[in-house]
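Structures follow.
Each of the next two complexes has subunit A plus one more chain, namely subunit B in the first and subunit C in the second.
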Partner chain A sequence: MTIPESDLDPYTDSSITDPYPLYRSLREAAPVVYLTSHQVHCAARYEEVYSALHRHGTFVSGEGVGLTDTLNRAQKGSSFTSDPPDHAYVRGLVARHLKPRAMADITGYVTSWADRLVKELVAKQSFDAVQDFAVAFPLGVVPDLLGWPEDEGKERLLHWASAGFNAFGPMNDRTRSGLPLLGEMHEFLHRMSQPGNLRAGSWGAELVADAREGKIEDKLLPGLLGDFLAPSMDTSVSALSSMLWLLGTHKEQWQRLRENPSLIPSAFNEIIRIESPLRGFTRYVAEDTELGGAPLPKGSRVLLLFGSANRDERFWDDPETFTIDRPGVAQHVGFGHGIHACVGQALSRLEGQSLLESLIRHVDRIEVGEPTWRLHNTIRGIERLDVTLHG
Partner chain B sequence: MKALFYAAGTSPASAFAIGPLASALRAAGHEILVASFEELSAAVTSVGLPSIPVALGHTTESIKAATGTRPAIEYPVRPELEMPYLGHWFGRQGSYVFDDLVEISKLWGADVLIGGSQAHGVEAAAKYLGIPFVRQSWDLFDIHGYEDYLHEELAEQLARISATELPGPALQIDICPPGLNSKAGTFMRWTPHNKQRPIEPWMLRAPDIGRVCLTLGSFRFAFPGAMDRVTSIVERLLDVGVEVVVAIGDDQGKQLRERFPQVRAGWIPLEVILPTCELIIHPAGGLTAVNAINTATPQLILNPFEAFVPTLRRLTDYGCARTLYREEGTPEAIAQVVKEMLGDSSYATKARELAGQAATAPTAVDMVALIEDLVARKVN
Partner chain C sequence: MADVVVRIDARRCELHQQCEGLSTRIFQSRDRQVVVGEPDTEDIQRRVRSCPMGALSLVVPVV
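Moving on, here comes the complex of A and B:
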């Protein structure tokens, strides 16, 4: 099988604000397409994306998961850019606080946070879904769990995370404009890696203490702290703002959810499926292989489009429709899949499901305006959305 | 007081299940003996209880053959065969042990007979002897509908007590957590009495990456292809990116470790390993489920029997477990559900809640006085 070439470019402004027609064209073209615009292979169908994610010995992450070699080199060493056997160790350092039993320890804290936020927004009535709802939550919860110093402003964190995710895409203006911010984040994380800067008893302080005792290599520490912070920001902001938009524009689905709260886990998965926050990551091909019958040479790179796989009509029935009780929805690849699946997804679900529970408790009707979409290489998300919650 | 226990069936769990009550009675100064088919003696003595084999010359397997008017007992490959299987198999066991239970009780001077959920024949023996019978459930399940087959097997014993159906217990003790089922009654918290082994530090330390426990319980004896199934499940689990522990016999554990050096496998007491596991996968082992509940461990239950569905639905409705029924439990589906459960902490939160509920039940220590009272009043 020869791999068709395509001049479709997932990183133009128009294909970012409305990526789904482009994704469909890529899916229709072939199991694997060669994108001439970025000189990279691209898998847009579910089966090939899923397969590559699970064949982690062939489609490796240790050479980076972004589009360009320069930036991939800079992002080495973190949990999601490592391969077995090191991967389990590095991932474990982040995973230790994010496992289900550990999450059960903070469930009360997160649910009460969610309830307080929703009650405040119901009282306020009209607000911006992104700044007042979606940002408030991850920014309020995750840095606190990590042990963020009280006298240190958190506002830069969102800009750093955004720059970090842009850098998984091509070296375009979006990536370039974020490079100074990445330097700033790097400096901050190094400072936080010094003992005494993170709140005593926090997750982050524990990592720093482990490094002092020689349990963790010092050089890994800034990256580990970054692994906690950056991935939990933009992705969560995207998911939570899409949540309000989707439930506000699908009133019958919102009513069904109110009538049957046991659908909350399924509804959250459907939100992630249909508006997947992470557009995709790449994998480096470590040996000559094939994917969906397409030959891929060693040394090539393949872009796995999660957001497209989650709407693949070959896998999903009626994929463009938002249905909160979609059968098998948990099979989406919005959090990735296999050994590199999002390590924080239990926290993400705890956040999302807690907010849905609170919305059901306090809100009758969700009224939304027209969203404007972010221009971002890697994150599919809303820039601004006016919302009114009717309690 | 002398209490004669009868551990029915072939699963070591039926010996482990009665361990707390037998030990509590003994610690209170009473005498105990545990009768069982000889094949279960090792399990009985492994938890420090005195074993007295009965129905010598027979095994729970050998009695399954057709004899005279009695049908052969086949493994219930279809749901409609489950009740006949339960009734015939446990009834037939009862018919083989009845005389020995009566004889030992007379010889030894038993004051009370005690058996587990499907320990049958023993209630007829107690009636015949005129002494109390206590049934202590050996798992979560409350199964009915197999009585006709049971009575068919125990017709001769029923005639000896001039009854057409088996008598109920003088005391029913339930090890299901209070509130999980709709029953009111006498609840007892089952405390660990599993077969032990030297504990190693890794068993007490939860790995950062997360740990999942797989066990086939005594079902590993029931299927010829059980090891192939374990192997294929382990292969898929390794792809989830967590540490895999297989609680299994030591010989089978060795085979697994040779094939998967990164997998920990062998005999491991569940009460030791489960607190460090994010979830356990098991084939609806009734006592395994109790071990999981007590240690606040979410469960993925590979349910082989229709009869278990109502009870397991209570666990899934509670939110601390998921089930895959019969052929749904492919290795691929198991790995997918494990992935889903690891990514959703609500199962762990609910499991913790249920463990708290289970801990409100009194322990076996508090059951001693109830049994002493039955014996004093000669309730039969």
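Moving on, here comes the complex of A and C:
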């Protein structure tokens, strides 16, 4: 099978603002296409994305998961840019506080946070879904769990996380403008890796203590703290703002959810499927192989478009329709899949589902304006959305 | 048509419960696997694929 070339570019402003026509064209072209604009292979269909994510010995992460070689080298060593056997050890250090079982310890804290926020916003009536709702939640919860010092501004975290995710894309203006911020984050994480800087008893302080006792290599610490912080920001902000937009624009689905709250887990999965926060990551091809019948040589790189796979008409029935009780929705790849699946997905589910529960408790009707979409290389998300909650 | 067997890689399972209780059923079984009849295969395939970690696997015996 010959791999067709395409001059479609997923990173132009227009294909970021509305990526779905481009995704559809890529899916229709072939199981794998070669993007001449970035000199990378690209898989946009569900089966190929799913297959590559699970063949982690061939489609490896240890050579980086972004498009740019220089930045891939710089981002090595985190849980999502490492390969077995190191990967299990690094992921385990982060995952111990993020697995579903660990969520039991913080469920009360998160649900009361969610309830307080929703009640405040109902009282306020009109607000911005991003700054007042989606940002407030992860920024209020995650740094606190990590032990973020009270005298350090948390707002910088959002800029750092955004810069980090942009750097998984091509070396364009979005990536370049974030490079100084990455340096700033690097310096901060090194400082937080010193004993006494993170709040005693927090997840982060526990990691630092483990390093002091020799249980963790010192050099891993900044990356581990970064693994907690950055991925939990932008992706959550995207998911939570899309949540309000989707429920506000699909009033019949919102009413069904209110009438049947047992659909909350399915509804949250459907939100992640139809507006996947992560557009996609790349994998390095470690040996000559094939994907969907397309030959891929050792040393090549393939971009896996999660957001496209989650709308692949070959796999999903009526994929453009938002349906909160979609059969089989848990098969989406919005959190990735396989050994590198999002380590914080249980926390993300807890956040999202707690907010849905609170919205059901306090809100009759969700009124939304027109969203402005973010121009970001890796995150699909809303920049601004006016919302009114009618209690 | 032969039955199919569903197994779990316990080291990889993080108990995300996206498989609608299939992992719990397997953990409670004596030999860490469940046998499923042919009519249920499609449903089981869907639940196996729903495990975000890829901890579940479907084994179709050769007949």
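The criterion applied here is as follows: the second predicted complex is superposed on the first by the 391 of 391 C-alpha atoms of A that agree within 3 Å, B and C clash if a C-alpha of one lies under 4 Å from a C-alpha of the other, contacts with A are read in each partner's own complex, and residues count from 1 in each chain.
One rule holds in what follows: contacts are C-beta pairs under 8 Å (C-beta built on N, C-alpha and C of every residue); 3 or more make two chains touch, one makes a residue touch a chain.
Please read all numbers here as calculations on a predicted model, not as lab measurements.
Visitor: In the superposition on subunit A, see if there is space for subunit B and subunit C together, and answer fit or clash.
Guide: They clash.
Visitor: If we overlay the two complexes on their shared chain A, which of subunit B and subunit C does A:96 touch? Say first, second, both or neither.
Guide: first
Visitor: Decide which partner touches more residues of subunit A, taking subunit B and subunit C as the two options.
Guide: B
Visitor: Quick one: is A:339 in contact with subunit B, with subunit C, with both, or with neither? Answer first, second, both or neither.
Guide: A:339 sits against subunit B and subunit C alike.
Visitor: Who does A:350 touch here: subunit B (first), subunit C (second), both, or neither?
Guide: first
Visitor: Based on the superposed arrangement, let me know which partner A:200 touches: subunit B (first), subunit C (second), both, or neither?
Guide: Neither partner.
Visitor: Regarding the shared-chain residue A:107, is it in contact with subunit B (first), subunit C (second), both, or neither?
Guide: first
Visitor: If I apply the document's touch criterion, which positions on subunit A are contacted by subunit B in one structure and by subunit C in the other?
Guide: 54, 88, 95, 99-101, 330-331, 335, 337-339, 341-342, 345-346, 349
Visitor: What residues of subunit B sit close enough to touch subunit A in their complex?
Guide: That would be residues 206-210, 239-241, 278-279, 296, 298, 336, 339-349, 351-352 of subunit B.
Visitor: Could you please specify the touching residues of subunit A with respect to subunit B in the complex?
Guide: It is residues 54, 87-89, 91-93, 95-96, 99-101, 103-104, 107, 265, 330-331, 335, 337-342, 345-347, 349-350, 353 of subunit A that touch subunit B.
Visitor: Would you pull the subunit A residues touching subunit C in the complex into a rising list?
Guide: 50, 54, 88, 95, 99-101, 269, 327-328, 330-331, 335-339, 341-342, 345-346, 349
Visitor: Over in the complex, which subunit C residues touch subunit A? Could you list them?
Guide: For subunit C paired with subunit A, touching residues are 11-12, 14-20, 46, 49-50, 52-54.
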